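Multiple structures are listed underneath, in C-alpha cells.
Shared between the two complexes below is subunit A, which has subunit B as its partner in the first and subunit C in the second.
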Partner chain A sequence: MHAAVLQAATLGRRAVVRTVRQPANVVFPLIFPMLLLAVNSGGLKAETRLPGFPTDSFLAFALAVPFVQGALLATVNANVEFARDIQTGFLNRLALTPVRGIVLLLGQLGGLLTIALVQAVFYLAVALAFGVRLESGIGGGVLLLVLEAAIALAFASFGCWAALRTGSTEAVQGLFPVFFVFLFLSSMNIPRNLIETTWFRWVATANPVSYLIEAVRGLVIYHWRWETVGLGFAVAGGMCVIGFALATHALMGRLERT
Partner chain B sequence: MAPRPNSIEAHGLVREFKKGPRAVDGIDLHVDPGDIYGFLGPNGAGKSTTVHMLTTLLPPTAGRATVGGYDVLNEGPQVRKVIGAALQEAALDPYLTGREHLRLQATMHGITGEERKERSNQLLHRVGLTEAADRKIRGYSGGMKRRLDLALALVHHPRILFLDEPTTGLDIQSRTALWEEVGRLAKEDGVTVFLTTQYLEEADVLADRVGIIDHGRIVAEGTPEQLKAEIARSTVEAVPAESEQKGAVAGVLERFGTPTTGFGPESVAVQLAANDGDLAQIVRALDAENLRISHLQIHEPTLDDVFLDKTGRHLEGAGAEGEQEETAAS
Partner chain C sequence: MSRDTINVAKGVAWRQAHIFFTNPSFILPSLLFPLFFFTAFVGGLSRIREIPGFDFPLGYTAFQFVFVLLQSAAFSGVFTGFGIARDFESGFMRRLMLAAPDRIGNVIGYAIAGLIRWLSVITVVTGVAFAAQMKIAGDGVDLFGLYVLGFFLSIVGTLWSAGVAMRLRTQQAFPVMQMPVFILLFFAPVYVPLNLLQGWLHAVAKINPITPLLEEGRGLISGEPDKTLRAFAILAGLLLIFVVWATRGLRRAEAAG
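Moving on, here comes the complex of A and B:
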C-alpha cells in the first residue's frame, strides 16, 4: 500500500515538474482566464442593473468562470502530455514495471489536481486584491478550493479517458473547443433565471457546467447557499465517477500487458 | 523452491493484428542463460512484436513462451520483475533530467530512499552520464539517451534484458560503447540478453546465437559461425580496369559461380559454386581473356549471405514492404 502511494506521488510530482518546466503551460492558464475576466467585467458590468441580478459586483459574479476555465486548461495541458507519453512509449516504460494501472491513473490525476489548485489560489488572490469579498468567509474559501479540486478531477478524468482511448495529442487538444462550447452555453455570464432566450435557458439548464459555475459563484456572492454548493459537488462527483470509470476502462484496453 | 532459469523459450508464438497479416507467425526459440541472442531481421519482420510479447506488453494470439521460467501469458507480473527492457524508442521525458528518470524508474520498481540514490549514482557512473545527470534530456545526444535507456532498464538488477534495436541511429563510437556494455553485462553479470537488430555487424560481433526473422518467421538460427558455415560459399568481387570490359569479366566469373549483387556499381561479383574456389584459377581465366582487373577480392560468407540464401533478398532494404506491420506493434 505504502509503495503504491509513493509511486502515485512520484508520478504526480513528475506531472507537476514537467508542467512547471514549460512556461507556456504555466503562464497561459494563469493569465488567460484573468484577462477574460477583466474584459467581461468591464463589458458586462451593466448587467448588474438588471432586476433580480444577485450582486452589484460583476467581478464577484464572474469570478466563477476562471475557476472552471483554469481547470479546463490544466486538464487539456496535462492530458496532452499524457497522450504524448503514450505516443512516445513512456507509458510502455511504466507498464514494464510492477506499478499497478490504477496508480498510473491516480498519479496523473494527482499532478493535475496540484496544478489546478495552485491556479485557483492565484485567481482567488487576484480577485481579493481587486476588491472581491468572499461572502462565505474563510471557510467558504477553503470549500471553494475543495470544490475546485472536484471540478478539476471531473474534467481531468474525461481528459485522461480521451488520452488513453485515442493515444493522440491532437485528439486531446481537440477537447479544448468542446469543453469551451459547454462553458459558453452555461450560465457563465448571466444567472439562468434571467436568460430570456428560451432555447439558451434550456441548454444552460441541461448543461452540467452551469451547476459547477453556480456552486463556485454560490460561495463567492452568497453567505452560504448549501443547495447550490451541494448540487455543484454532486455534479462534479458524478462527472468524476463516470470519467474515472471510462478512463480506467480505456487504461485496461491501452495496457494490454498480461 | 529451485531458482528459475534465466532462459527464454518460445513455442509456436503467433501475433495477429486486427485487419492485418500475422506480424509473428509461429516462432520457436530458445535462449540459454547468460547468452546474448541476436534477433536479426529487416524492418517489419516481426522483431519488435516478438519483444513486446516476450516482455508481456502484448499477449500472443497463439503459442506459448516462458521468460525467466515464468509464463508470459499467465505470470506477467513475475516476468516483469525479472526482466529489464529498452524498447525501440528511447521513451524519455524531455523535461526531466537523467537523475530524475532514474529516481522515477527506481520508485516504480519499489526501490526507495538511500538504496535508490546509490543505485542511481552507480548506474549513471556505469553508463558514463554522471556529469550530465542533472541536465534535462532534451539536451542529450542520441547516444546519451540510449545509454540512459539502458541504465533505466537495469535499475532493478534484472536477470534478463531485452534490447530492441538499441543502436539504431547511433554513430559508430556510441554503438561500440553500447556493445561493450552489453557484452560486459552478459559475460560479467550473467545477464541473458535478447537483442533485436537490423545491423549484421552488431549480430555478428555481439551475439552468441542469432535468429534470423523474415515475415514473422525464423528462417535460420544458430551461432554466427554455424550459419555462415551452412552457406559455406565465398563471394568473389572483381572491378574491371576498363568499364567496357564489365560484361566480359562477368562472363568469366560466372564460370566459377552464380552472380550476386550488393557491391559497388563498377563491381562484378559471383558467389562461388564451392568454397574451395581457387583465386589463382580465376586470375588465370581472366588473364587468358586479356581482361585487366583493378581490384579482386574474396569475401568470406556474411550473415547477409545467410539472409540472402534463406530469403532470396539482401537484408539491407528488405524491410520496406513490411514496415507497416512492425509499426502496428510499436
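Moving on, here comes the complex of A and C:
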C-alpha cells in the first residue's frame, strides 16, 4: 500500500512538473476563462434586468463558467500529455516496472487535480477581488473547491479514456471542441427557466454540464441550496464512475497489447 | 503580379485547401465553433431582445448571425496561421521557401486558402441561419456588402496570423495568434447593441475597430447601413497594416533560414 501511494505521488508530481514547465499550459487555462468571464459579465450585464433573473450581479452569476471551463482545459492539457506518454512509449516502459495500472491512473489524475485546484483558487480570488460575495460563506468556498475537484475528475476520467483508447494527442485535443459544445449548450449564460427557445431548454436540461454549472452557481449566489449542490455532486460522481470504468477497461487493453 | 507569384500562390492555396477538406480534425473545429456560437447564442439568449433598449428590428437570430459571420471570417484566417506554424515545424516551409521563385506567393496562397476555408464554413452557417428562420430586410446589394466585410476580415486574420507564424515559427504560437483576435471580437457589442453595454466594456467597445464592422454588418442585414464608409475605411487600414506585418514576417523567416 505504501509503495502504491509513493508511486502515485511520484507520477502525480511528474504530471504537475511537466505542466508547469510549459507556460502555455499554465497561463492559458488561467487567463482564458477569466477573459471570457470579463467579456460575458460586461456584455450580458443587461440580462439581469430580465424579470426572474436570480441576482443583480452577472459576474457572480457567471462565475460558475470559469470553474467548469478551467476543469475542461486542465483535463485536455493533462490528457494530451498522457497520450504523448503513450505515443512515445513511456507507458510501455512503465508497464515493465512493478507500477500497477490503477496507480498509474491515480498518479495521472492526482497531477491534474492539483492543477485544477490551483486554477479554482485563482478564479475565486479574482472574483472576490472584483466584489463577488459568496452567499454560502467560507464553508461554501471550501465546498466549491471540493466540487471543482469532483468536476475535474469527472472530465479527466473521460479524457484518460480517450487518451488510452486512441493513444493519440490529436484525438485528445479533438475532445476540446466536444467538451466546449456541452458547455455552450448548457445554462452557462442564462438560468434554464428563462431560456425561451424550447429545444434549447430541453438540450440544456438533458446536458449534465448544466447541473455542474448550477451547483457551482448555487454556492455563489444562493444561501445553501442543497438540492442544486447535491445534484451537481451526483452528476460529477456519475460521470466519474462511467469515465473510470471506461478508462480502466482501456488501460487493461493497452497494457495487454504491450 | 508576376506569373511566378501566381503559380506559387495557386500551389500553396491548393495544398492548404486539400489538407483542410480531407482532414476531419481541421474541418470540424472550423465548422463547429461558429455553428455552436450561433446555436448557443441564438437558442440560449433569445430573450435578450426583451431587454428595454434592445432596438434591433430583425430579432436575435439576425443580430447574432452578423457576429458569427465576422467571427468565422477572422478565425478562418487564424486557423490558416496554425497551418503555417505547422509547416514551419515539419520543415515543409523551408523546402517551400527554397522552391518558390517568389515567396510573396506563399503568403497570398495562404490567404486564398483562408478564404476558401471561410467560404465553405459560412455557406453552412448561412444555411443553418435560414433553417432557423432568420429574418433579412436588406436587399441583394446589402447582403453582398455583408459578405464582402467578412471576405476582407478573413484576409486580415490570415495576414495577422501569418505574420506571427513567420516570426515565431512554432505551433506554441497558437495562443499568440488566437488571443488578440478573440479579445478584439468579444470586446465588441457581441450580445447586445453598443448602447446597452455598460462600464469598462462600453468604453473599450467604443474604440474597438471591430465595433463599426459589427454595427455596419447589422445595418446591412437590416437594410439600414449607416457606417459603410467608416467600416470599409477601417478594413482598408487593417489590410494595409497587416500586409506590412506579414511581409516583414516573411523577410524575418527568410533571414532566419
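By definition in this document, the second predicted complex is superposed on the first by the 256 of 258 C-alpha atoms of A that agree within 3 Å, B and C clash if a C-alpha of one lies under 4 Å from a C-alpha of the other, contacts with A are read in each partner's own complex, and residues count from 1 in each chain.
Keep this in mind: contacts are C-beta pairs under 8 Å (C-beta built on N, C-alpha and C of every residue); 3 or more make two chains touch, one makes a residue touch a chain.
Predicted model only: the values in this text are computed from it and were never measured.
K.L.:
Does the superposition put A:Val181 against subunit B (first), subunit C (second), both, or neither?
P.N.:
A:Val181: touches subunit C, not subunit B.
K.L.:
Counting residues of subunit A touched by each partner, does subunit B or subunit C come out ahead?
P.N.:
Touching more residues of subunit A than the other partner does is C.
K.L.:
For A:Arg18 in the superposed arrangement: first (subunit B), second (subunit C), both or neither?
P.N.:
Touch status of A:Arg18: first partner only.
K.L.:
Is A:Ala206 in contact with subunit B, with subunit C, with both, or with neither (first, second, both, neither)?
P.N.:
A:Ala206 sits against neither subunit B nor subunit C.
K.L.:
Applying the touch criterion given at the start, work out whether A:Glu47 contacts subunit B, subunit C, both or neither, answering first, second, both or neither.
P.N.:
Once the two structures are laid over each other on A, A:Glu47 reaches subunit C alone.
K.L.:
Name the contact category of A:Phe28: first (subunit B only), second (subunit C only), both, or neither.
P.N.:
In the superposition, A:Phe28 touches subunit C alone.
K.L.:
Quick one: is A:Leu194 in contact with subunit B, with subunit C, with both, or with neither? Answer first, second, both or neither.
P.N.:
second
K.L.:
Who does A:Val39 touch here: subunit B (first), subunit C (second), both, or neither?
P.N.:
In the superposed model, A:Val39 contacts subunit C only, not subunit B.
K.L.:
Do any residues of subunit A touch both subunit B and subunit C, and if so, which are they?
P.N.:
The answer is that subunit A has no such residue.
K.L.:
Give the list of subunit A residues in touch with subunit B in this complex.
P.N.:
3, 6-7, 10-11, 14, 17-18, 21-22, 85, 88-90, 92-99, 256-258
K.L.:
Per the contact definition, I'd like the list of subunit B residues that touch subunit A in the complex.
P.N.:
55-59, 72-74, 76-77, 79-81, 83, 85, 87-89, 91-93, 95-96, 100, 103-105, 107-110, 112, 136, 152, 330
K.L.:
If we count contacts the way the header does, which residues on subunit A are in touch with subunit C in the complex?
P.N.:
Per the stated touch rule, the residues are 24, 27-28, 31-32, 35-36, 38-40, 42-47, 49-50, 170, 173-174, 177, 180-181, 184-185, 187-190, 194-197, 199-200, 203-204.
K.L.:
Which residues, counting only subunit C, touch subunit A once they are in their complex?
P.N.:
25, 28-29, 32-33, 36-37, 39-40, 42-48, 50-54, 172, 174-175, 179, 182-183, 186-187, 189-192, 196-202
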